[in-house]
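Look at the two complexes coming up: chain A is in both, with chain B in one and chain C in the other.
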Partner chain A sequence: MNGILHLARTQLVTALRERITLFWFLIFPVFLLALMGFIFTNVGKTQDLTFEVTIVNLDRGTRGGSFGASVVETFRELATSSAPGHPSLFRLHEPEAGNDPHGYLADEIAALRIGKRAAVIVIPEDFSESLYAAAAGPKSADAPATLVTVHTSGGRTSSEMALGVIEQVVARVDQEILAKLGLFDAARAVTVDQQLIGAESQTFAYIDFLVPGVVVMGFFVAGLFSVPGTILFGRESRVLRRYWVTPLSVPRFLVGFSLGHLALCGVQFACVWILGRFAFGAHVKLFQPLAIAYLVLAIVTFLAIGFLVAALARTPGAGMAIANIINMPLMFLGGLFFPTGAMPPALRAIMLTNPVTYIADGLRASVGVSPSAYGHAASIGVPLAWILGCAVVAAFRLKWDVGR
Partner chain B sequence: MKALRALVTAEAHIFVRDKASMTFTFLFPLLFIVIFGYLMGGVGTAEGAKVGLYVAPKVAAARLEAAVAEVGVADVVRIAAIPDLEKAIKDRKVDFGAEWDGTTLRFVYDVRRTQENFTFQELARGISARFELANQGRRAILDVRSVVEGGEARADWFTLVVPGILAFSILSAGLFAVAGHVTSMKQRRLVERLVVTPMRPVALLAAVVIVRLAVVFVSTLVTLSVAILLFHVPFHVNWFLYAVFLIAATLGTMGLGTILSLLVKQPSSASNLANVFSMLMLFLSGIYFPIEIMPAVLRELSLILPLRHMADVMRYVTGVMDMSALRFWVICGVFLAVGVGLLPILSRYVVRVDRR
Partner chain C sequence: MEETALRVTKLRKSYGEVHAVDGVSFAVPVGRVFTLLGPNGAGKTTTLEILEGIRDADEGEIEVLGRRVRRIDRATKERMGVLLQEGNFEPYLRVREVFSLFASFFRSARSPAEMLKAVALEDKAGAFVKTLSGGQKQRLAIGVALINDPELVFLDEPTTGLDPQARHNIWSIVSNLTASSKTVILTTHYMEEAESLAQKVCIMDHGKVIAEGTPRELTSGLGQDTIVEFVVPEDTEFPTAVTARCALVLGEGGLVSTKTSDLAPTLGCLLDWSRSSGVPLAEMAVRQPNLEDVFLSLTGRRLRS
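Moving on, here comes the complex of A and B:
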């Protein structure tokens, strides 16, 4: 027993001392959780983003005034910071008095094309006349709208985001104008609301979906890379041969190695969970019997897959290449970070035979993040079948020493 | 010249026989393109969105249907009951739903589709604004006409990702040519045997550069072709600028590989460091996620990452995004200067005998 525990300790300490192992097994999952947590808990919010937007008002106005000036004023308000230290939504660029607006517009569009502006808004010359005409025109739904032209830059996310915001601002201005003209009765407005489904809890947050995914990813990467790494490098550098001249048997080595791996996964889990819980406020309850059972199942399944890779590869280089080829499809088609949707039959077949899919699904269902798509029988049965299959192949093919 | 030809042939054989290099250079970008093309193609565009519509019995549906049609979604599916609508959303048969009972218009989203719900919510806002006015017998009197200047107007998330993956392929090929291949030759003492021959170190480096350039050309062309043929990404490649950039970037990233190799004590550690370095850059350079949706500190950080600029240039030469000619040439010039400037250092590194 002592030998097994020593081996387990060696495995853990070696992993923690090796900077590269430390990066891939501990720092990388934590980094990924932090990055995706930051990004996707704020997606769609402009947060601290300030769009560089140009507005050129060419509106001649009418005797009744200029609607173009009102629109410009609305954008100027949005370009003013709402609170100290809080950036404004837009940094507005306008032609200075006396500047030729058409020449200025051409320069600004050139700046937009190369990414110096997110959008260029042009209020046309006949804007006010056209608005009055549209407002006074037939009430029928066929009256054409007056158009504000928004130039955006193709292939730039900032431009697309700015366009979305500008469209919302213009829609708001439209309703305000209609209301002022007595053409829109706010009291008769339709109630609009939204409902989120697909989670068992009504307080679902993306981070609750992400934390189990990153935990499973960590276990997957650890199993897939550390087993072939240890076995194949150990075999090639004849480290394993030194073990075999001691009283240590292969089964005892396996138990010790697996215990060490379990401990490494425990450390990894703790890091991810602490970050998710305390930095991002994840509420996912992973400390309950079924969830723990899934976590252990995940570790054992990926350990078995690691042994399968070690059994199939002749050299450490080949082992790493196989692990890398398997890594990406199984990870992304397993729905670890986002739910997977419609896909062609070949990818669907990979998804449906992928143990990661079932483990992630079962784990999320067990903690109440989302309902199980496959049921617990499949979520446990498929990984168990993988463990069995990998064990059989490894038992027949895995060589524990060079030349044997 | 004969020696160089022999070295190039040897280098090419080494590369072709090295399964790990072949995997990373050819298979990795292809796998990525295929998986992400099918999983995420169309994400971020209204044109690909499918809306499920439930209208309560005896309530007029025409105005809502017209409003949905106006925002330009790909498909509208009429659904007979609310539970069926929810099931269709959960099963991803539709992307989001709209329920109209005559007084309340409710939009229903799958909470797990975090990365797409923003687009669906934008569409929903457009639908509700049009529907609201139509309900009072009005249309918007003020609207937005969008004009795309430069770049690719049809660029969706996937169209932006493909040039990023190509840029990453170049980065990997350049970095690992030095911080993997050359360092491994040093580690295995192959370089020591070569430097005692009349071969000049620069000939070995030239052979490495020639083979890597050829590999980068072939691998990026294969990836580009698959993306265009299989997923119809709207690229308009400027082949001259493409070739200029590939040469400059490959040399520049080899220079970066040299720097990484000089930072570590053991040659074998260089590939580990390059691996970590490239993976961090992959996530922080706007390849997977647009830089604009990252926190401010990461946006600033991305400015100093070579991969960010490589991805931007690749988007420019594939016609996805516009860029000033000055910026293009400055980026290429910097990469070229780094590559060419560090070649003598790399040359000295190659012939330097490591302490035992």
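Moving on, here comes the complex of A and C:
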């Protein structure tokens, strides 16, 4: 036990003393959080995000009324209501009475292009007619929601985030319309209601979304780069060989190494959480059993992926190359920093097999930042499958000594 | 009869078609320095790595500290100390921390303070490993090898790459080990190191033991001959008159050596030729045979060629 604890301490202190490790595992996550926090939050005033959204209602309506007006009304409610101390989710822009809505729409699209708007929602002229037609005919109950057009600016973060929120708002309006048309589905209504971002506080606090993402990113980078770095460098430079000529066994080394890695992640977590909490006022409650379970699951999953990389690479250089190849898709298609909206099928396939996606989703759901898109069974099961797969490959392929 | 610390019988290790260790057998008495001597690639390090538990032998028997073992187990490692030929420490650990770490792997170990004093690194106790000189790193490595106060110590080329001062420091530490009845297995390709430290020498070449005995026993096998060495330009050709009287062996860099039982006529012949040909006999030396000469006489090659 003594040897295991000494190894854990060695793993931790050497990581904290090495500048490169220190930068990537501590300074970088903290810097990233600070940078994104400053960009997307207004420090000292509010920690919430307000989307600049335009809505243009072109709906002619029918004798039965205008459903377009219902949609507009819902967005108006969101634009004026907010929890105490928080700004509203949208700042809504609409054409004034008497203005040409088409001309106004053109101006707002131009505003969207230069970043002054996050999204422009257009309710088409035949919106109500289509809905009544859908109610009368055999079409699917889901059809009306597709009639609303949302213009976003490609690649702009605020647009992508706004789109995610708008889709959920529209889904809620859709539910209300379906009820009016007699196609109300109670089970579906409940689901839609739960998927509204910021359901807990009725506001979208980006810093609360961001902090768990940066924490998971830190664990991911630490596992992906630190583990193969330590194992492959230790193997190549014969640091590990020094251990193998003592009574220290590989299993005891693994326990000590993993404990040290856990401690490193603990330090990393503390730094990110303290910055998020005290500099940006994050309220995300990470100190609760389910959240802690997700954090430990994240550390173990990424530790396992690190061992997989170490098992696949022959040299430290090859290990870093493999880690870099894995890093990009898994980190940026894992929903760590922004909600993952509609994606091309190929990217969606990566996203849906990516353990980061499930861990980030489960962690955020566990702290009430956003509802789970996949459910806790998948959010825990997929990472566990990764752990198992990585462990099996590492057990058969990982060499602990040169030429052994 | 002397007690045996280590006995190896018909040890074999192959990598494909290459027989790195090919039927090696030897016995090491308790409390002695036993040296495996041979050129690079002779099989010394592979033999040692098997005995240290890093590799498994393909065949052969190992009896270590009174126990016959198939491979070196944890109980045996508790009683062994190993200095690896190639081995590093975490560069960002302090010297004192290295001793603490390795002490923690053993059931019983000496204190870091004791080891710092033993290898004269007290003033470097707080220094990071990466800041140590080559000699200091090697002293640290020897200290780590001795942290568990082992009965059997393996030192694999402990002075390779060190300057003369650092080398003599290491020799002093090894000499102190035998004074405290430790058994030391040493590999080296420096014949002067083997002669200075070893009580028993085993010469290896191409994975086999080609000679074994005390340094005196091995060199006395060459008779009472004296060795004459000198350096000439590499393209020098000696006339038959000289080669007929002196059995010259030409080495790298123009080094020429000859073995003689009758020194005066040999020297006279060489000096006459030098005078008449105008070729100087640079760095001329006359000495008694050493282990290098034993290796040369057994293989026709020099140890460091």
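In the analysis below, the second predicted complex is superposed on the first by the 243 of 404 C-alpha atoms of A that agree within 3 Å, B and C clash if a C-alpha of one lies under 4 Å from a C-alpha of the other, contacts with A are read in each partner's own complex, and residues count from 1 in each chain.
The working rule: a contact is a pair of C-beta atoms (placed from the backbone, for glycine too) under 8 Å apart; a residue touches a chain by one contact, two chains touch by 3 or more.
The model shown is predicted, which means the values in this text are computed figures rather than measured ones.
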item: Touched partner set for A:D401, first chain B, second chain C, both or neither; value: second
item: First, second, both or neither for A:V13, with chain B first and chain C second; value: second
item: Partner chain in contact with A:T80 - chain B first, chain C second, else both or neither; value: neither
item: Which partner, chain B or chain C, touches more chain A residues; value: B
item: Chain B versus chain C as contact partner of A:N99, first or second or both or neither; value: neither
item: First (chain B), second (chain C), both or neither touched by A:S249; value: second
item: First, second, both or neither for A:V239, with chain B first and chain C second; value: second
item: Touched partner set for A:G3, first chain B, second chain C, both or neither; value: second
item: First (chain B), second (chain C), both or neither touched by A:A321; value: first
item: On chain A, positions contacted by chain B and by chain C; value: none
item: Complex contact set, residues of chain A against chain B; value: 19-20, 23, 28, 31-32, 35, 38-40, 42-44, 47-49, 109, 112-115, 120, 131, 134-135, 139-143, 145-158, 160-161, 163-164, 166-168, 170-171, 173-175, 177-178, 183-185, 188-199, 204, 206, 209, 317-318, 320-321, 324-325, 328-329, 332-333, 338-344, 347, 370-371
item: Of chain A, residues touching chain C in the complex; value: 2-3, 5-7, 10, 13-14, 17-18, 237-239, 241-249, 401, 403-404
item: Touch list for chain B against partner chain A, complex; value: 18-20, 23-24, 27-28, 31-32, 34-36, 38-39, 44, 86, 89-90, 92, 103-115, 117-118, 121-122, 124-126, 128-129, 131-153, 155, 159-160, 269, 272, 275-276, 279-280, 283-284, 289-296, 298, 315, 320-324, 327
item: For the chain C and chain A complex, residues of the former touching the latter; value: 52-55, 74, 77-78, 80, 82, 84, 86-93, 97, 100-102, 104-107, 128, 144, 148
